[in-house]
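Labels run A, B and C following the written order; every chain starts at residue 1.
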Amino acid sequence: MTLDLHTIAVFSVVEFSGVAAGALAGALEARRERKYQYDLVGVLGLALITALGGGITRDVLIQKGPPLAFMDLRYMLVAFGAGIVALLFGSSAGPRVLRVIWIADAASLGFFSVAGVSRALNAGLPVLAALILGLITAVGGGSLRDVVMGRTPRVFEKGEPYTIAALLAVLVFLVGDRLGWDRSISTTAGAASGLVLKLLAARFKWNTPAVGFHAE
Amino acid sequence: MTLDLHTIAVFSVVEFSGVAAGALAGALEARRERKYQYDLVGVLGLALITALGGGITRDVLIQKGPPLAFMDLRYMLVAFGAGIVALLFGSSAGPRVLRVIWIADAASLGFFSVAGVSRALNAGLPVLAALILGLITAVGGGSLRDVVMGRTPRVFEKGEPYTIAALLAVLVFLVGDRLGWDRSISTTAGAASGLVLKLLAARFKWNTPAVGFHAE
Amino acid sequence: MTLDLHTIAVFSVVEFSGVAAGALAGALEARRERKYQYDLVGVLGLALITALGGGITRDVLIQKGPPLAFMDLRYMLVAFGAGIVALLFGSSAGPRVLRVIWIADAASLGFFSVAGVSRALNAGLPVLAALILGLITAVGGGSLRDVVMGRTPRVFEKGEPYTIAALLAVLVFLVGDRLGWDRSISTTAGAASGLVLKLLAARFKWNTPAVGFHAE
């Protein structure tokens, strides 16, 4: 694996856009909540949980030292900064801002999944476990936020195929890796597949159906 | 401790029946849920959380490397397979199927508690901490599932003496261990005690009472 | 850092009063709950989670071995003992008892934050991460209890400036540490600042405001 400086720069932009998008989405969700009335601490706390919770959960499960988000402070600073922005300017966030957040989140979804898989594989975990840890990296933060807000994770409910897009990204990456592609290629291909699936699903309203008895 | 191959085989059957029972119970619970409408990802996710969440929590707390359920893939494959079965055939699960799941779960309850205690003792934890970790192994998966589904853990509520059966199993195991019994004997005795208590409690409707003020 | 025996004794009294206060508060909260009817296991479980959950979460995130609360049994015994007391005598807990619990909790809030920061710094984490881990130590147990009881953490909602008092304690401690104060001094100053802020906030009804859109 050789990553030239240009690739690293592109990946960093994608990654930290994703962290910022997660924090913004979490903070705006907290501000929009009607059941609980969150204060400053709640909004910032939920911003951090949404942005960093997935990677922290992954690192706690892998157990090779403190979570990356605690050792490399850029994660916390970006998440914290985005949370502050949402606190200060969140009340004027119109549909266009939400759209930008949605796209940054969609673009980073696959990237986070692939980053999670790589990290788990590097730590010596078997492929199936790495795959699960990739999905946890991608959807864990939002899910933790949902549970902390007193509801079930949205990614478990019928609707947008969020986890399936993350799974596609992971599978494309793993196939590319197996085929001996350079890791910058397989990472890009994986992340792009996830993004494309999310865009197609939004465009053509592909939704996962409920599988409960009550839906039969 | 000498476990002959026959004992190991019996223990494996009990253990993986328990994993399968947990996954089936979790998936069926998700399908039966009325407040949220789970999709395929939700049903499989809740199956994995129910089946593996207790052991994973234990291993994260013990901190001797990645959880067993991530390193020994049989756990994940059995849980995943049972989740798929519940997805495909769950809608025709009648009272007889639920009864089989109940028995497999009851038979494995004590076994999981004892396995959790052993693992914690082997990692050098004190007996009281090991006892708590044994209970977490046994009831943690179902409790995590309950919280992820937006409710309090059922094992904390009045009713079936689930945790008390797990506690009995642990105590019998620890006494046997202290008396120098072979570990296959003390494990079997512990697991059997838990099962017998659950069967008696179901037969004679022994329930734990509420201790809240509102119940006074 | 030199802690004489007298200082260690004072710190231990503050710390274990705090553990007991957390367990009492958790158990009484469980007994007072109306949505769920907790049994003996639920009340004791919620007492342990409230008292020890913050420190355990911190230690799981720091990843330097099993949580302190599992290795030093005094934590578990104090929490367990306080839980039993709340079970036996909780129904006669009047406003005076609740007031004593409130004060023990307020006195220990800053202490726990500072203890959490110290432990994280000793483990080699950067200051910002240590600060967050200090706050998690102080407010994590109560928050975990809230989530397990099916609601959002109270420290995230408008009202008492609980987390802000913990943050003040941490900042005073870090400034003192940077100025080269003896750690027993900076710990005491930090913990005292948190207590004073909590007392002033209660006296003058300083509350954090909601920042949600619905509050605008």
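Everything below uses one rule, namely that contacts are C-beta pairs under 8 Å (C-beta built on N, C-alpha and C of every residue); 3 or more make two chains touch, one makes a residue touch a chain.
Note that the structure is a prediction, hence the values are computed from the model and not measured.
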Worksheet item: What angle, rounded to the nearest 5°, describes the rotation that places the Cα atoms of subunit A on subunit B?
Response: 120
Fill in: Interface composition of copies subunit B and subunit C: same or different, split at half
different
Discussion item. Taking the mean of the C-alpha atoms as each chain's centre, how many Å separate subunit B from subunit C?
Written reply: 31
Discussion item. Using the touch definition from the top, which residues of subunit B touch two or more other chains?
Written reply: 60, 63, 147, 150
Practice prompt. Can you check the complex and tell me which residues of subunit B touch subunit A?
Written response: 30-43, 45-46, 48, 56, 60, 63, 65-67, 70-71, 73, 76-77, 87, 90-91, 147-150
Item to complete: Would you tell me which residues of subunit C are touching subunit A in their complex?
Response: 60-63, 123, 125-126, 128-129, 132-133, 143, 147, 150-153, 155-159, 163-164, 208-216
